[in-house]
Structure formats: structure tokens, C-alpha cells
Amino acid sequence: MSNLLAVRNLKVTDLRNQAEIIHGVSFELKKNSCLGIVGESGSGKSMTAKAMLGLTNPWLRSQGTAELSNEHGVLDLLQQDESTLRAIRGQRICMILQDAMSAFDPLAKIGSQMSETFIENKGICRSEARSMVLAALQMVNMPEPEQVLKKYSHQLSGGMLQRCMVATALAMKPDIIVADEPTTALDSINQRLVVEEFKLLRQETGTALIFISHDLGVVQHLADQVLVMRSGERVEYGEARSTFKNPQHEYTKYLIDSRLEMSKSFQKAMKRGAASA
Amino acid sequence: MAGFWTRFKADKMALVMAAFLGIVILLSLLAPLIAPYHPAHQDIANKFALPSAEHLLGTDQLGRDMLSRILWGGQITVLWSLATMFCTIGIGILLGVVAGYFRGWIDEVIMRFCDIMLSFPNEVLILAIIGVMGTGIFNILLAMVIAKWAWYVRMIRSIVIQFMDKNYICFAQVSGCSARHIINKHLLPGAMGEICVLATLDAGGIILNISALSFLGLGVQPPTAEWGMMLNEAKKVLTINPWQMLPPGFAIFLVVAAFNFLGDSIQEALDPQLDKSMKKRLSIFSRKKAVA
Amino acid sequence: MPNLIEIKNIGKSYLKAGRNFRDTKVKVLKGVTFTIEEGLCVGLIGESGSGKSTLTRLILGLEKPDKGNGAILIKGLPVRQWIKANQGKMSVVFQDYTSSINPQYTVRETLEEPMRAMGHKGNLDGKIDVLLDKVSLSLDLKDRYAHELSGGQVQRVCIARAISTNPKFIVLDEAISSLDVSVQTQVLNLLHKLRLDMKMTYLFVAHDLQAVAHLCNKIVFLYRGEVVEEVMSWDLANAQNEYAKSLLASVIPFEV
């Protein structure tokens, strides 16, 4: 299967002090697959995704290639101008950001904000946009979608807002969805709901997904490939299942061991319950 | 707090501005001793003179020496403005901190007083007070303090309320620190940056207010020198002697600008984090050098 | 095991601005009752909006519960009275480490503050060295400011500050939630070791079940202002309440 997105030797430099922030990262994303990017805070996970889409601050310079394939061949995202990138960001690659609460304008209703995205990017009229929004909310199994449309962002929980974001991204029918730590700000129940949402998304639409997180459990649940980053460098990259089972690099091992240690007591307690049942 | 002085001393702009204002204040204080002429001394034959060895800044429409009038005028424009500012800030800090820290009924009472004061238009209030008490520089100061204190109390109270949310204040409360300790060691140093910015921004406004009142005949009476009034006198003879406008105009401009820059520098020196980001911002201007 | 803290029938409401000039009273906590035994680590689990933060503020004495039959007693005394009589014996570590330390204070000044509030005078450098060592931080961080440290380091400084007065009881208010998962494990292990070494009692407020199960002996589930389940951590599988069970089922396992 050919690559939908191939990033080669992506470097990001801070022009203010000539410091290299991302040191030559390469990875590929195939159609219908999910790439998980894991690492601690400051590892450069979000920066990599933003650099690819041209969303970094003006004093950062990106080098390397990020080839997005289309019907005609490949398009190097890093060489495109702002208007082309904007069109791509709207239609082919959608980004879901970390803090859902601040992604929505607190002064406008959810329904109108979601419609706005569709009207801007697809050029449809308001009533069409509204029915699109409803269809999208239904696709993510949102309870009472009509009610949700009329609410403001502060009236919904973080989990529901995140699901609205996912619904918006879904409805745009992009080729790739980039989700930047979508579950980090959520509590357990909402986290599970959003993760299941993403699973559904992959099954139903076949959209490729780049999932950025520092939580290995969530990434394991969703990803086919995994990219481990530390301090702007690619530490390990490979098929998810084998990487988690047999990590090659010390750092990956360390991440896996910490995560296992955290869930040890919980697993023990649940197994004990299952055994006695 | 040791860090504050280190950072302040390292900031060249801060030192230059502080030195400049220090010199201005010193010259204003020493005006009676150093001014070459008496500010009211008229020499009609020599009116509208351009700068010369005898009159370094020329003379005005009544032949009075501009340099002397600037020096004497500084006493009113600069020193009294500072005095007004410190009084209003003092009241603002006192009541603002009490209202913001203790909340409850104290906050309600103080806020309702502020509401009442703020519902009077500034200028009307000042005019009314001066109407009752008479003209003169001290009455202007009193009138301006009375008109402005409520605004400061509100601003400082909202700054304090933001700080009360911070976890380190909660921790200090839980570990049994007294209100006085928290206010002196955490609240005031933390809020001082923003308060300084408020104060320095207002300095310009106060200077202009005093000038406006003098123009209306409610403040300083001629022939007392005051920069704003000098500016207004110059305006009347603009076509005849355009130069006359420049000394008082520049004086006001430089002093107000210096206050603003100083306020920014104080704010940066107080916040160790701001210091870093400022350096980053400034280095964008040197980007050309870096890339080349 | 004797009870250190008894929370009995606590209620707390806030006024919310309503329509037509009528403010509605929103009951955030309704009849909350549970106990924290001495020497234990008790976990308080609840999602956002369950009333965890309000309950934490009440336990810390920062706010008063609604008037009624409810009370929070520490060794039999009402909270605020006990705190006044036992200065420094109750401590707290907050979630948001970015605002937990005064940005104008160095690490040294931050750690000195609670000890000075207790009346210690003179040079506290020796004591500070001991504290930094206990939380595995390098001694040359003493003159750094909070923004120069990583999240994990700042949180460790907050822990060092919390234990500086040899407290009996520490409230960990989502203390690890803002940290990376790998750092979380280290900090949890550190907290466990400190509790055993210094014979303290913890109230660990969190929304992550796995972290709570890792650290705590007893777990209390809070849902919409009420306690719906109280269970020992090794007995988690036997939780009866529907909400507790759905929370247990929502945990995403990590298995290799």
C-alpha cells in the first residue's frame, strides 16, 4: 500500500537563537492506518504535526519534506504557500487540538460554530450546513444532538466538546485527521468515549489518523504504527504491537515499564475480582 | 527580591529612564537655586526671542525666560503630579487590597462607595470641589485624588482577586501564614508590576489634567509657571512664534514617555519570566544578523 | 485504626446568577460522609463537576460548609480550630504546578516559607538540603526559579514544601494529573515512600483510577456531590454502585 503521507528528515529551527528543536524526524502514514506519536511533554510531538501543516510560530523554520499524495502525484506540504496550505488544512487534513474548551468561542452556540466551519470550507449554505452538523453529531452517537446545537461551550463537559470537535472533523471527510492529545484533559469515562469514537471513525470512514499522546494505553488501543519521540528526536518507529511487546530502545522500554507499573495494582485488583467471581 | 535589583540594573533602558526622571525631579526641586531668571520677570522689549546665550530657550510673549519657566514649571507639573499619583495609589492599594483579600461585607461596602464615586463624571467632580474650596495647586491635588481614588481601588481590587486564586496563596493560608504576611510577601510584590504600569500610564493623564485645569483658570494662576499652561500660551501665538511651543511640549512628551518606559522596565524586572520573553522578542529584530 | 478525619453529612451550595434577577442555589455537595483513618491513603475519585475541588477546599479549611448538622472533624475538633492549634500539621499539593510556587521566589525561598511561618529562625539551608534529598532533587536547584524547572521538578518542590513542616496529613489535590504518565509513576512512588517514612495520612483526589489504585488503601467514589461507593483498593472488583462500576469499566488497559 502506498503512503498517504511521507515525512522525511523534518527539521525545525528556532531562528531567534538558531537552536534546532526537531532533529530530522521521518515517518510514513499509509491509507486507513493510524500512527501514534508518543513522548513526554517537550518531546516535540505537537511541534512535528504543526510544522507539517504550517501552523508553527513565524520565528520557526521548517526544513525537509512532507509529501502528501493526491491523484496527480505528491505535494510537498513544506513548500506550499499559505493559501494552498489553508485549503489543504480545511479539506484534506483536519487537526483536532488538545483543549476542547478553548477551541470553541465561548460567546457563540456550538451549532453555529460547527456550521461556520462547514460553510467556510465547503461553500454550502446555512441550512445545508445545519443538516450536516446534525448528521455529524449523530455519527458520533451524541445524545440529543438538537439540544447540543443550541448550547454554549461552557454548558457542555470537556468530553462532549471533544466529541463535537471529532464530529466536525469527521464531517469534513478529510484524508487525514491529526488529533493532538485529545484525551489528556478528560476524565476516565469521557476518555473512553472519545477513544471509542476514534475507533468508530477508523472503521466507518477509513480516514487515516495521526494520534499524538503521552498515554501509551490510549495509543496502544488505536495505533497500527507507533513513533516514539524524545527531545525532538525519533527514538523508535515501527509496528505498534511489536514495538510495545519488544521495544528496541531504552527510552521506549522506560515508558512502557512506567505505564505498566501504574496499572499493576489496578489489574491485580480486577483480576482478583474476576477470579473470585 | 534580590533578583529584582539585579535584573533592573541589567536593563539599560531602565537605568537611562530612571536617571532621566531622577535628573528632572532634581532640577525641579533645585529650580529656585539654578534658574537664571525669575519666572515672572518680564522683558517686553525682548519678547519672542529665539535661543541665545542670554536666554538658552528663548523668551515667551511677555519676554519671560523660557528655561527658567520650564525649571520652575517642573515643580508643579512633575512634582505635584507625582504627589497626586502617590496619594491616589496609596488609597487604591489600601482599600483595594482589603476589599480583594477579605471579600465578604468589607468588599461590599468599599465597592458600593466606589460605585457612588465613579458615577460622578471626573471633570464635573473636580470642578465642583474646586468651586467649593477655591483655586490653587493644593486644591487641585485634593480634587484629583478625590475624583480618581475609586478607579484605582477597583483596578487594584481586581488584580488582587486574580492573585487570590493562585495556589501559592492558598498554600500560605493553609500553612497558617497571617494575612499581613501573605499581603506583604506575596500579594504586593506580585501585584506591584501591574500597579506600576497603572501608575505610570496615569502619570501622563494627571499631567494633562493639571494643565487643562490651569487653562480653565481653576488651577495655577498666571504668572506662575506650569508646562501645560505654557503650552496653551504658546498655542495662542503659534503663528507668530512657533518655537515657543517646543520647550514645554517636549518637556511633557519626554517626561511622560520616560514614565511609560520605566513602568515597563519595572514590570519586567519584577517578573523573572517576563525578562526571558522580552529578550526573545527583542532578538527578532536582530534576526537579520542571526541568519546572515 | 483510629479516625483522623471524619466528614459527616457535609453540604455546600453556591449561588449561581439566574434569570429575572433570581439567583439559583446550586448544591455542589449533598450529605457527604466518610472517614479517613490515621496512617492510610484514601483516594477520592470523581469526574469534573462531582464536587471534588469543593470538598478539598472545605477539608483544608479554606471555606465553610453550609450550616446544618454537618461537620468536618479532625481528631474530634472542627477543622479550622484544629488547623489553628496545629499549625503546619496539614499540608497540600495542588494540581496546577504553574501557580503553586510564587514566580518571584527561588526554590530556597519557597521551601523556607512554611518553616519560617512556624517560627524557625536563622539559616535553614541544612533543612532545605535534607528536603531536596528526600524528593530526589539536585541541590543546585536551590537558586532556580519555578519557570526554569520542568513540571516534574516543580511538583517535587511542592511536595518538599508540603513535608517541610512534618505534617500529619497531606491533601494531594490532583497532584499528578498535569504530569506525563511516566513522571506520574515516579512521583507516586515517591509519595508512597514518604508516607511510610514519615508516618503521614493522605487524601489523594484524582480522576485517574489506575493512579488511585496504585497509591491508595481505600477509595471513595464521588458522583454529583454524593458519596456513592467506599471500597478498599484491593477489593475494587466488588464495587456495587453503577457509577463506580462504569468508571471501572472505562479504564483503558495497557497490556503487552
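Lettered A, B and C in written order, each chain numbered from 1.
The definition used in the following text is that contacts are C-beta pairs under 8 Å (C-beta built on N, C-alpha and C of every residue); 3 or more make two chains touch, one makes a residue touch a chain.
This structure is a prediction, so every number in the text was calculated from the model and none was measured.
Relative to chain A, the most remote chain by averaged C-alpha coordinates is B. Across A-C and B-C, it is A-C that has more C-beta pairs touching. A comparison of C-alpha centroids places C closest to the centre of the full protein. Put simply, the C-alpha centre of chain A and that of chain B have 51 angstrom between them.
The distance from the centre of chain A to the centre of chain C, each centre being the mean of the chain's C-alpha atoms, comes to 32 Å.
Our note on geometry: chain B versus chain C, Cα centroid distance of 46 Å, whole angstroms. Contact of a single residue of chain C with at least two other chains is seen at no position.
Residues 47-49, 150-151, 180-186, 188-189, 207-211, 213-214, 233-238, 246-248, 250-256 of chain C touch chain A in their complex.
Residues 60-62, 83-84, 87-88, 90-92, 94, 96, 99-104, 106, 110, 113-114, 117-118, 145, 147, 161, 165 of chain C are the ones that touch chain B when the two sit in their complex. Contact residues on chain B toward chain C in their complex (touch as defined above): 1, 3-4, 165-168, 170-177, 181, 185-186, 189-190, 270-273, 276. The residues of chain A lying in touch with chain C in their complex are 40-42, 157-158, 187-193, 195, 214-218, 220-221, 244-245, 254-256, 258-270, 272-274, 276-277.
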